[in-house]
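Multiple structures follow.
Both complexes below contain subunit A, partnered by subunit B and then by subunit C.
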Partner chain A sequence: MSVTVGIPRALLFYYYYPQWKTFFDHLGVKTLVSRETTRGILEKGIKSTVDEACLPVKLAVGHVLDLYDKVDYIFLPRIVSTARREYICPKFLGFPDIVRNNINNLPPLIDYSMDLYRKGSSLYNLFYTVGRQFTHNPARIFMAYKKSIESLRMHCQEMEAGWLPFEAGGNHNHEHRPQSAGVQDVTIAVIGHPYNIYDRHISMNMVKRLWDYGANVVTADHLPENVFRREAGKLPKQLFWTLNQRMVGAAFYYFDRPEVDGLIHVASFGCGPDSMTGELIERFARQGSRKPLLNLTIDEHTGEAGMVTRLEAFMDMVRWRRQLDDVAATYY
Partner chain B sequence: MKVVYPHMGHMWICIKGMLEYLNVEVVVPPPSSKKTLLLGVKHSPEFACMPLKLNLGNFMEAAELGADTIVMAGGCGPCRFGYYAHVEHAILRDLGYRYELVVLEPPQKHIGELLGKIKHITGQQSWRRVINGIRFGYNKAEAVDKLERMAHYCRPRETKAGATDRVLQDALKEIIAVSAPEGLPVALNRAVDMMNAVSLDKHRPVLRIGLVGEIYTLLEPFANQDIERKLGSMGVEVDRSIYLSEWVNEHLFLGLVRNTGSSKLAKQKAVKYLRHFVGGHGLETVGSTVLYAKQGYDGVIQMLPFTCMPEIVAQSILPRISSELGIPVMTLIVDEQSGEAGLVTRLEAFVDLLARRKQTGEVLA
Partner chain C sequence: MYGYLGIDVGSVSTNLVLTGEDGIIKQSIYLRTQGKPIEMVQQGLKQMQAALLDKIKVIGVGTTGSGRHLAGVITGADIIKNEITTHAIAASNVMPGVQTILEIGGQDSKIIILRNGIVADFAMNTVCAAGTGSFLDQQAARLNIKIEEFGSLAMQSSVPVRIAGRCAVFAESDMIHKQQMGYNVPDILAGLCEALVRNYLNNVGKGKEILQPVVFQGGVAANAGMKAAFERALGHPVHVPPYFDVMGALGAAMLAREATNRKGTGFRGFDVADRDFKAGGFACDGCPNVCEVVEILESGQVIARWGDRCGRWSNVLERHEKIS
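What follows is the complex of A and B.
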């Protein structure tokens, strides 16, 4: 009898799924990922969460609900901190408790903490305690852990090579990228939390749309860690949110790159950290650069037309701005 | 150097006392008002929580009074407050205000950073005097909290409507007027005597409600629409889960002063429902709700500013506590759109519900 562990396709799934999957594979545990986001999944999540929670949290609850009658365990690590002296948002810290207190008849949650806040803490603690649930052989856990670290490294490398998380993972399916790939004449940096910009439903397929408009899309995840950390170091005080450090660093970096023509900052409605860093990015944009910046806020309301209109207008603006620059370069 | 710091309830009394004892010139911003909020809202990020907007408004109003140095607390997350000072400073700079910023926070590298900042504010004072000053400020906070607690008891029982609040203002003036540590005990005694003189009907049946939630909205009467007074006039005795002096003791002095109420107990009670701290006062909110339920309070009201992250986590957990321990819980969310009438209606309905519930409970017993 083999057990199945459910992994919700939400929150930091987009960074850590390859690692988690490899780990469970090597322990001989089957994994099941919740389906791609649909309206139905989101609706379920909205019904089981307080109104004030942000879109990604509601969506994550929806994904847990999608899994809860199909699996023996749900893997929901409490992601406290993924880097020294930094946190993820408070809602991540309490997420397993939000789930536990709002959904009845849950399968057991695997909610051990992933906490790298203190010096000398290691990811191995998390994986060891998780592994102990399924095997008593420490060597096997250690091997699985080693392999999982390896696949996390591969995943990061793939992203730094220009793939997006939903394309990476060995299969590199190009079905979403425009086949004819006319001319990709502009480069747009999309800055946002991974769970907002890579989820096709709640981002309303933004990345694909931009590709269709002939844009080359870059995100914060294409940058190696040392680059965005160096850039984020320009702030007067180091940010204590890892994801936002990545976003701010990437935004500063792309503002300086001549090949990037415009930036889109995607935030979910009511996101706490984004309200601070969005402001800082915008102030930086106005001071040091003429590059167009579009601030998009997404929430659970479906207004695809609004999104399309704004993206089209933004693309037009980026192209005009560039033409003007070309003209100016010719005459002066 | 003219120092300004943001308002949070009666906090200004203690900080003013402390800084003036250390011969630092202080500008107290005008009390938070609609105008403060408007100024703040106009220039703050849209989704920032309300305390940031009010802080910003405070600083802009204080600038007109000649303030040139901001002193603020900081923090290292995960609540947004830790980054407030820098965002506000950036906004003020872009608006053309010339403020110097001093953030008192846990040092990143070395304790010297913090000490250097304190030295920068206090100038040539000896460390001994600085420590005395800090103790003086803390004692003032304790005195103010004591008076507030007495007011909580008196309001629902006063025989003449509004008497408690008039006396409370006079009593606070006694504390404000003290300028050196030696005078404080006498002034406190006088203030306590004044409060004791309020004529009360001690046998009147009252409801008891615990207020939990985010510290700023709990302490700042403008942010919570004076909820304590409103509840008091409806015949409700309130207790807050957070008082300024307790907060200072736990977060700034790391529990140095003994024998005070502590949030440790609340945190232990919370573990069953929330197993990890979530920044801000999320854990205390959950734990205090459990405590109030166990102490037989009639209801709990949670207050938070819109988009407050730690409190949203707590808010999603409170319904479970409410149903398991059988204590009614209401969540009130405030932001710049909050209207007074809406709040009063909800409070009246909630208080009615509690009164009815208590009555039926007594009849059944």
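What follows is the complex of A and C.
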């Protein structure tokens, strides 16, 4: 009888799911992903988390609650650092403990650390210890690890080719993209944490809305790692947080690209790093560029009117500016 | 004669404007929404009809404001547009060459930056409603002052009291403290105006290049104390246009003119004011999202639905306003 490992559809799921899934597949372990965010999942999460936590963390707890009675284990790696000399937000580090202290009758958590902060540290440590839970055959773990790295690479390639995480993964799912692909006349860069911008519920379907308004959406994940790292290097001092470095780097890059008509920065209310990235983007990345930038803050509110108003006005503005540029181009 | 109707249904006020074909205002109506947007739109239409005496035929309708979809369905609007765009259009027509628009309404405040006559940038307040008209309203009520007298009282102040404007809750406790210390009311009111302006410029106006000419509009522009506080903070004159409180509606009317350029209007006539509209709602139990679906009923028949994420309810209607 095989066991099932639950993976919450939250936080770094959007980057690492293909890798995690491949790894477990090759060990003969079944995986179950929590359902897409619904109001019910979010409400459960809000109820069982401390008030100070940010929305994505509350939502992640909700996703754990969606899984906990259906699986034998829950995979919640303690993500400390995903790159050398950089950290991930401390709430990720403490997330397994947040879950443990708020939910009763949990299945065992697989919460080994992923810490690449120091020179010479390797991702293999995490996968080896996880693998030992399910098999005693080190060669099998090594093979599964190799395959998982390969699928992470494929995932990154797909995103660099212009797919978004929820579309990538082999079955390119066109159903959410607008049918007539030719009408996308503007390009909008959406800068934000992956778990905010790709979650259809808490982002209030922002990406889909932008598509419907005729925009082509690009995000930080469409850029290869070396590009956003190079761009983020323009800051006077290196940022500690990997995800925010990615966002600031992407903002630098997209402000310089002529085909990008505007940027939207999405922050979650109460996120410390986000409040700072917002400032950095406004002060540094935008220097010398008159491209429109919209700051959106998302939180528990369900009223969509505020979001719709801002997005509509933003799209109007972007189109007007383009028209004016076109007129100017014909005269000069 | 022909004219265009603009309707702005905001959280605090519902405004109607009728312009001639030249875009000049013939009639404007300002009503308090009082949480009853449908009734107020109908009341506004009645008043408008009475004022026009059938001399002007409406050949285009535009709606804006947070209740724009509701008003659009009731009147059969030709264009339904967000309030940022309509405010910008109105201001740039009323005052050509305007570069900055400060707009403070009931529930939101925004700054719109225009360059060469088009919107170059804008910002709106985030989740917090501090520093908007509602807060001034509330504080005036607490001090037992009519909101209309607020501005003139604040202007009598010689030494504005320093009040923390970062958060409405702190501002209120600061005000109570100052009042108990014996400061007089005009100084407290002037201090409140300065605190709101500081908060506005730090939050909404953060990082924006505020160039002259500056236009100050929205309901709060009626408050002379706020205008003076803005002038002190910015160091240059701030213009309040004559129709400062109905600028959104004016912009909507201007957009209606554009929208009906080569086609007839969808306006359903002034007699919609006498029809029976009701807004109902229910929680859909089709999935765990439990969307709150809003239904607009005309004489018992559903004419519009919105609020569902999946389109299960809004798509079954032939004519529907897409809102989500």
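Operating definition for what follows: the second predicted complex is superposed on the first by the 329 of 332 C-alpha atoms of A that agree within 3 Å, B and C clash if a C-alpha of one lies under 4 Å from a C-alpha of the other, contacts with A are read in each partner's own complex, and residues count from 1 in each chain.
As a working rule, a residue touches a chain if its C-beta (ideal position, glycine included) is under 8 Å from a C-beta of that chain, and two chains touch if they have at least 3 such contacts.
Not measured: the values here are computed from a predicted model.
Student: Using the overlay on subunit A, decide if subunit B and subunit C clash or can fit next to each other.
Tutor: fit
Student: Quick test of understanding: once the structures are aligned on A, what is the angle at the Cα centre of subunit A formed with subunit B and subunit C, as a multiple of 10 degrees?
Tutor: An angle of 80 degrees, rounded.
Student: Looking at the overlay, what does A:R321 touch: subunit B (first), subunit C (second), both, or neither?
Tutor: The answer is second: A:R321 touches subunit C but not subunit B.
Student: Is A:F269 contacted by the first partner subunit B, the second partner subunit C, both or neither?
Tutor: both
Student: Taking the superposition on A as described, I'd like to know which of subunit B and subunit C A:R85 touches: first, second, both or neither.
Tutor: Once the two structures are laid over each other on A, A:R85 reaches subunit B alone.
Student: Please work out whether A:W241 is in contact with subunit B alone, subunit C alone, both, or neither, and reply first, second, both or neither.
Tutor: A:W241: touches subunit B, not subunit C.
Student: Could you let me know whether more residues of subunit A are touched by subunit B or by subunit C?
Tutor: Greater contact footprint in residues on subunit A: B.
Student: Touch check for A:R283: first (subunit B), second (subunit C), both, or neither?
Tutor: both
Student: On the overlay, how many Å separate the closest CA atoms of subunit B and subunit C?
Tutor: 5
Student: Touching subunit B in one complex and subunit C in the other: list those residues of subunit A.
Tutor: 269, 283
Student: Note which residues of subunit A are touching subunit C in the complex, please.
Tutor: 38-41, 201, 205, 269, 282-283, 290, 292-293, 295, 297, 299, 301-302, 304-306, 308-310, 312-314, 316-317, 320-321, 323-324
Student: In the complex of these two chains, what residues of subunit C are touching subunit A?
Tutor: Those in contact with subunit A are residues 66, 81-85, 115-116, 118-124, 126-127, 206-207, 287-292, 309, 323-324.
Student: Provide the residue numbers of subunit A that touch subunit B in the complex, in ascending order.
Tutor: Against subunit B, the touching part of subunit A is residues 49-50, 52-53, 78, 80, 85-91, 93-94, 96-98, 101-102, 111, 113, 235-241, 267, 269-276, 278-280, 283.
Student: Report the residues of subunit B in contact with subunit A in the complex, numbered from low to high.
Tutor: For this pair, the touching residues of subunit B are 44-49, 74, 76-80, 82-83, 86-87, 89-91, 94, 103, 108, 273-280, 282, 306-310, 312-317, 319-320, 333.
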